[in-house]
Amino acid sequence: MLPEIEQYFRLEKLPHMWCPGCGNGIVLHCLVKAIDKLCLDQDRTVMVSGIGCAARASGYLDFDTLHTTHGRALAFATGVKFAKPELNVFVLTGDGDCTAIGGNHFIHAARRNINLTTIVFNNNIYGMTGGQYSPMTPNACRATTSPYGNLERPFNLAELAIAAGATFVGRATTYHTKQLTDLIIEGYKNNGFSLIEVVTHCPTSFGRHNKMGSPADMLKWQRDHGVTAMRYENLSPEERSDKFIVGVLHRCEAPEYTAEYQKLQEKFRGR
Amino acid sequence: MPGTWEVRLSGSGGQGLILAGIILAEAAIIDGQNVVQTQSYGPAARGGASKAEVIISQEEIDYPKVDRPDIFLGLNQESVLKYMDGCKDNALAIVDAGLVNHIPPSKARVYALPITETARKQVGRELVANVVALGALSALSGIVSRESVTTALLRRVPKGTEDMNRKALELGFNLGEQALAGAQAGHN
Amino acid sequence: MSSEPRLVQGNEACAEGAIYAGMRFYAGYPITPSTEIAEILAKRLPQVGGKFIQMEDEIASMAAVVGASLTGVKSMTATSGPGFSLKQENIGYACMAEIPCVVVNVQRLGPSTGVATAPAQGDVMQARWGTHGDHPIIVLTPSSVKETFELTVRAFNLAEKFRVPVILLMDEVVGHMREKVILPEPGELPVYDRLKPNCSREDYYPYRADWDKAPPMAFFGEGYRYHVTGLFHDESGFATEKPEVIDLQLRRLHNKIYRHLDEIITYHSEQTEDAELVVISYGGTARAVSRAVKLARQEGRKVGIFRPQTLWPFPEEAVAELAGAGKKLLVAEMNYGQLLLEVQRVAAGRCAVTGCLQTNGELTQPETILNKIREVYEHAPGN
């Protein structure tokens, strides 16, 4: 581990519990690099996570960390941030945690535009329970609960967030680590709800069920299928079908919830 | 309980009966009495039959619901049919003369007064029928003092509506007093 | 507050009691018959420097309350039956992670949506056993507007002291009823704040405490950088699967409540000494019982009242004493016999235990209870 990021880890809790070749460690690395570049006060930064493989990340990080119930990380984080807006609050959640059981909290946190930086570890599967399909599992893919191929259609999470009112939306992969770090920095700087979707890989469940090869092969797949918006524009519909855009997908200005409430408090205090 | 009045105010949702109950209860507090106010209503904010109940007593009040009313107010037909039953013998019952056509057999002293009509024609707002009724009820029963009910009313109504509400209350007092005088003349 | 008597609704007394206790964070979702609590706090909290948020559902409300409490702010939510069911998972989380907070349930008629505006007391067992897993819980229940204020303050004090969620179990009768009350002046009722650690970060073990105590609680953002989880954890706060550590943790969660029953349990008893029959009741139903018992006394029947203000932990010792003295017990409640089960368990066959049970959407009438008193008084076997 690079010495400059060691301080952000609870070293005694390592090694982590993730499988060999899992992408979660890469996301974590990019997160702490972003925090380091942002020079955030470690004592004033909170990590909130839900349940699942990705959500275990909070335990390895040396901040105030809150490992909550399945799907509810954003709702707990809303309580933390709203009660103490001066804290930096990051939410670490997986695709099942965030988009299935936590889907309602996700759209409403985005709608409120509360200043939370949400990182969704999207590995297209429920890893911890052994590989069931999630709302982010592509159609026709195999999982233990879709042994004949997934009949359902996946969310486009970024578009969902934009429609719900998020003011910063970005997507990166665990192959595009520099970009991922930059997106987390940009997301943090946005004064409002930020989503960073990370396309990561689960070699044990998703990869194995769908014959994706080794972890390295899955990283190569990310490299070959994640394209910039500009490149995407120039692709034919056929070429686009298995590609996804990486980079900043959306950015806009809107009133931030806790700041608006503070104004209200100032107006009505003592009345 | 001795020295206890059980009051049931009923009508349709939106006629302001719960507010009338609250004002009556607050007037009784000003008079130094103990009070409990409860209500019963359905899912609809407007229409149907709703009731507000007030118990006024010198004693501590245990059971908060009205068992057998000493005083009953019915501002629409449905509420009279639903809630007037159970009045004590010789209870005071006030119903809206214009909106209640059928009064079920009862041993109560029934006064049919033009409450809503007074609100509409003399105040210009049907909305204050509850306040007219409160005035009539106070005058006919004497359970709260005129001053207290006026004070309680003015504390509760929105700013800018004080004059209108005061007028409605006065008209209600008059309705009640006239009815009382008429009844006494009848007795003589 | 003023010392003038005024007309106050039960739900309003709850909201004002919470502010009095220092509550400054409310997260909730509208549901009859608890909604007035949210409406009042939406208006009042910004005036006193507090925060109010209407969340997307009941689950989120409970989650936000826990998150806020971790930053050191006294927090609460209020709901009714269906919403109470939804909150259960995160109430369990608060038990496990030892997060102080208050959950108000203004009970309405169930099961399911039931009748939204009708009173019932069907959540006595849900309040006790609604979450999964095994943990103690504190449940308080008021039967007047004034008592609603007092027990709300007490709920916060117990939550802060024992680091637990405390349930204030109201019912529609008490929540919607308005009564003449004089609300307490500041300083009149005790207000307790949670203990904070006074050690350095290096020496702080967030879950290290005596075998029957709650540990001091650091606030998020103050430099302790600790971990909170709903997984079984050791005193450092990190997950463990070691049976001996799990056993220790779970025993402490129980002991911190059950070894302090004298501080937690309160009840009101009246005319029980000479009584041959004691009516056990709580909440709105207890008001009808008061009337019925007065009438029974007028008829020359020796009847008393036992009214627990703490439903859970159940005032076992006091009820055992009544049972041991051979008094007939009659449990009046608006359900089909929930507290009755507990009374029967405690009486353990030492006296006759009967229920006066009604759940039809109306507050039980004194007459109904009086008839049952007469029947039991005359016919149930005595000692």
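As written, the chains take the letters A, B and C, and residue 1 is the first residue of each chain.
The rule is short, and it goes like this: a contact is a pair of C-beta atoms (placed from the backbone, for glycine too) under 8 Å apart; a residue touches a chain by one contact, two chains touch by 3 or more.
Please read these numbers as outputs of a predicted model, since none were measured by experiment.
Participant: Quick one: most central chain, C-alpha centroids?
Facilitator: Closest to the centre of all protein C-alpha atoms: chain C.
Participant: Quick check: more C-beta contact pairs in B-C or A-C?
Facilitator: Contact tally favours A-C.
Participant: Can you compute the centre-to-centre distance for chain A and chain B, using the mean CA position of each chain? Integer Å is fine.
Facilitator: Once rounded, the distance between the two centres reads 61 Å.
Participant: When the C-alpha atoms of chain B and chain C are each averaged to a single point, how far apart are the two points in Å?
Facilitator: That gives a centre separation of 37 Å.
Participant: If you average the CA atoms of chain A and of chain C, how many Å lie between those two points?
Facilitator: 39
Participant: Residues of chain A touching chain C in their complex?
Facilitator: Contact set of chain A toward chain C: 10, 13, 42-44, 46, 48, 58-59, 62-69, 72, 75-84, 86-87, 104-105, 108, 261, 264-265, 267-271.
Participant: Can you name the residues of chain B that touch chain C in the complex?
Facilitator: 22, 25-26, 29, 33-43, 61-65, 67
Participant: Please output the residues of chain C touching chain A within their complex, sorted ascending.
Facilitator: For this pair, the touching residues of chain C are 25, 27, 46-49, 51, 53, 55-57, 59-61, 63-71, 73, 75, 89-90, 93, 220-231, 238-239.
Participant: Where on chain C does chain B make contact in their complex?
Facilitator: Touch list, chain C to chain B: 5-7, 116-117, 173, 176-180, 284, 287-288, 290-291, 294, 363, 365-367.
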